[in-house]
Amino acid sequence: MSEIVRFGVSIPEGLLQKFDQYLRRKHYRNRSEAIRDLIREKLVEEEWRQSRSEVVGTITYVYDHHKRELTDRLLHLQHNHYAQIISTQHVHLDHDRCLEVIIVKGPASAVRELADRIKALKGILHCSLSMTTTGKDLL
Amino acid sequence: MSEIVRFGVSIPEGLLQKFDQYLRRKHYRNRSEAIRDLIREKLVEEEWRQSRSEVVGTITYVYDHHKRELTDRLLHLQHNHYAQIISTQHVHLDHDRCLEVIIVKGPASAVRELADRIKALKGILHCSLSMTTTGKDLL
Amino acid sequence: MSEIVRFGVSIPEGLLQKFDQYLRRKHYRNRSEAIRDLIREKLVEEEWRQSRSEVVGTITYVYDHHKRELTDRLLHLQHNHYAQIISTQHVHLDHDRCLEVIIVKGPASAVRELADRIKALKGILHCSLSMTTTGKDLL
Amino acid sequence: MSEIVRFGVSIPEGLLQKFDQYLRRKHYRNRSEAIRDLIREKLVEEEWRQSRSEVVGTITYVYDHHKRELTDRLLHLQHNHYAQIISTQHVHLDHDRCLEVIIVKGPASAVRELADRIKALKGILHCSLSMTTTGKDLL
């Protein structure tokens, strides 16, 4: 982790007041923490736009486990992408439905491709990709 | 416009370097300007979440002007919402297609409702709502 | 405009009921119109991901016209990008603030670049890019 | 699960061709599956707009486990929201950084509030909320 430095920001007083109200609504303890968050969010957004950046993400999907062959297809697909998969977590939402979260790490384009393939399977009710980061560039 | 004040931000040196690279890619002249933009973007996002905030936006849509009755319906709809419409701009994209931009101002929920109604008309090929602000709270 | 064809969709009855409720909330007259909209939205999203696709968009920004040199810089920037600019519309929001909408057409990357440059100018309070389409591929 | 029914969609031939190309790029096996996905995505988006809907989501965050007190604060926060938390998964990204995924279920507003509180903690490098569904209304 690199050293902590400081820089100054010039801002109209009225805008700063609005920002301080935002901090309170969002439970921030101080301005620096909120500013660092705004910066990191932008950088992570940009990482994901580069198809070759190494990113980290989670793929969350809800499905009906009674669908024939779906479980097999999901397993097969995950094995084809094992190099990008760190781990999988499974939740029984109710009698019929399951939720799984896969934690993935790899080039942005490969991670998107895996999410697309899961989403396209019959029986998958919803699939969403959450984009985060290895954090390597954020320290 | 309120007075300019200053505040300091503590940040790891590595993260600041990444931020400075971002500034250059995005053509910012200094950090303060970029920080103010990050703050204002968040505040405008929040304004639009409150259905009663007064917001400003543009509704852009592309349509096929040969569709019977579409022009009439668009006019009719706009007159029903005249209180929220500031002005309209029209472009002939090619022989068949037109683009119009309506500048709107009013409660967020009324502006969304107008965009939904335009989008639902037959012959509208694409309709997008761009959310901005009166700027009153950003100075 | 190409000929109208038909295709069938298989869907669980419960999901269709939810979709029909959505249609009513959004003022659609029939399912086909809503389905065509869902399809066109996805295609426009993809157009904008390809940096070389020719797209159409609007750049909306709010600014304080008392800022010295801002008006000059905006004009200068627009002249540098005249090949992508179709037209500009100006609204006086109040005593201090103006809103402008530029209608742009060109490669997705050039249009984003222009929006980034406007956003980075000092005195621009908010700038948003609305992504739409020439509609060429949607008929 | 409800019975499968069918309905017909009228569409210009050119738009259908573009849609078929989209299906292939996204690995869909047939049009019905892709249409059902487009519909379900819109419905899930709307669920999350209603602050009282019961939703399911995942909160993913990356943090530096050397930060003093952060682990304690995360645990404390999670215990305060235990009623909405189904389970948590932890990954050691490298020597310094961890990633955690919390699976949450509850009113949309409570889930957002928990994500905001985690994001605001010092030492959290990135936090993202992935919005999905119990799937109850999608069958």
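Just so it is clear, A, B, C and D label the chains in written order, and each chain counts residues from 1 on its own.
Basically, a contact is a pair of C-beta atoms (placed from the backbone, for glycine too) under 8 Å apart; a residue touches a chain by one contact, two chains touch by 3 or more.
This one's a predicted model, so the numbers in the text were calculated from it and none came from an experiment.
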- Item | Same-residue or different-residue interface between subunit A and subunit B, half as cut-off | same
- Query: Nearest 5 degrees, what's the C-alpha rotation angle taking subunit A to subunit D?
  - Reply: 180
- Note on the structure: Between the Cα centroids of subunit A and subunit D the separation in whole angstrom comes to 9
- Distance from the CA centroid of subunit A to that of subunit B, rounded to the nearest Å? 26
- Message: If I count partner chains per residue in subunit B, which residues reach a count of at least 2?
- Response: 1, 40, 138-139
- Message: Going by the touch definition at the top, which pairs of chains touch each other?
- Response: A-B, A-D, B-C, C-D
- Note on the structure: Given the complex, residues on subunit B that touch subunit A span 1-16, 18-19, 22, 31-32, 35-36, 38-40, 42-43, 46, 137-139
- Item | subunit D-facing residues of subunit A, complex | 1, 26-29, 33-34, 37, 40-41, 44, 56-58, 60-64, 66, 86-87, 89, 91, 93-94, 96-97, 99, 101, 103, 105, 116-117, 119-120, 122, 124-136, 138-139
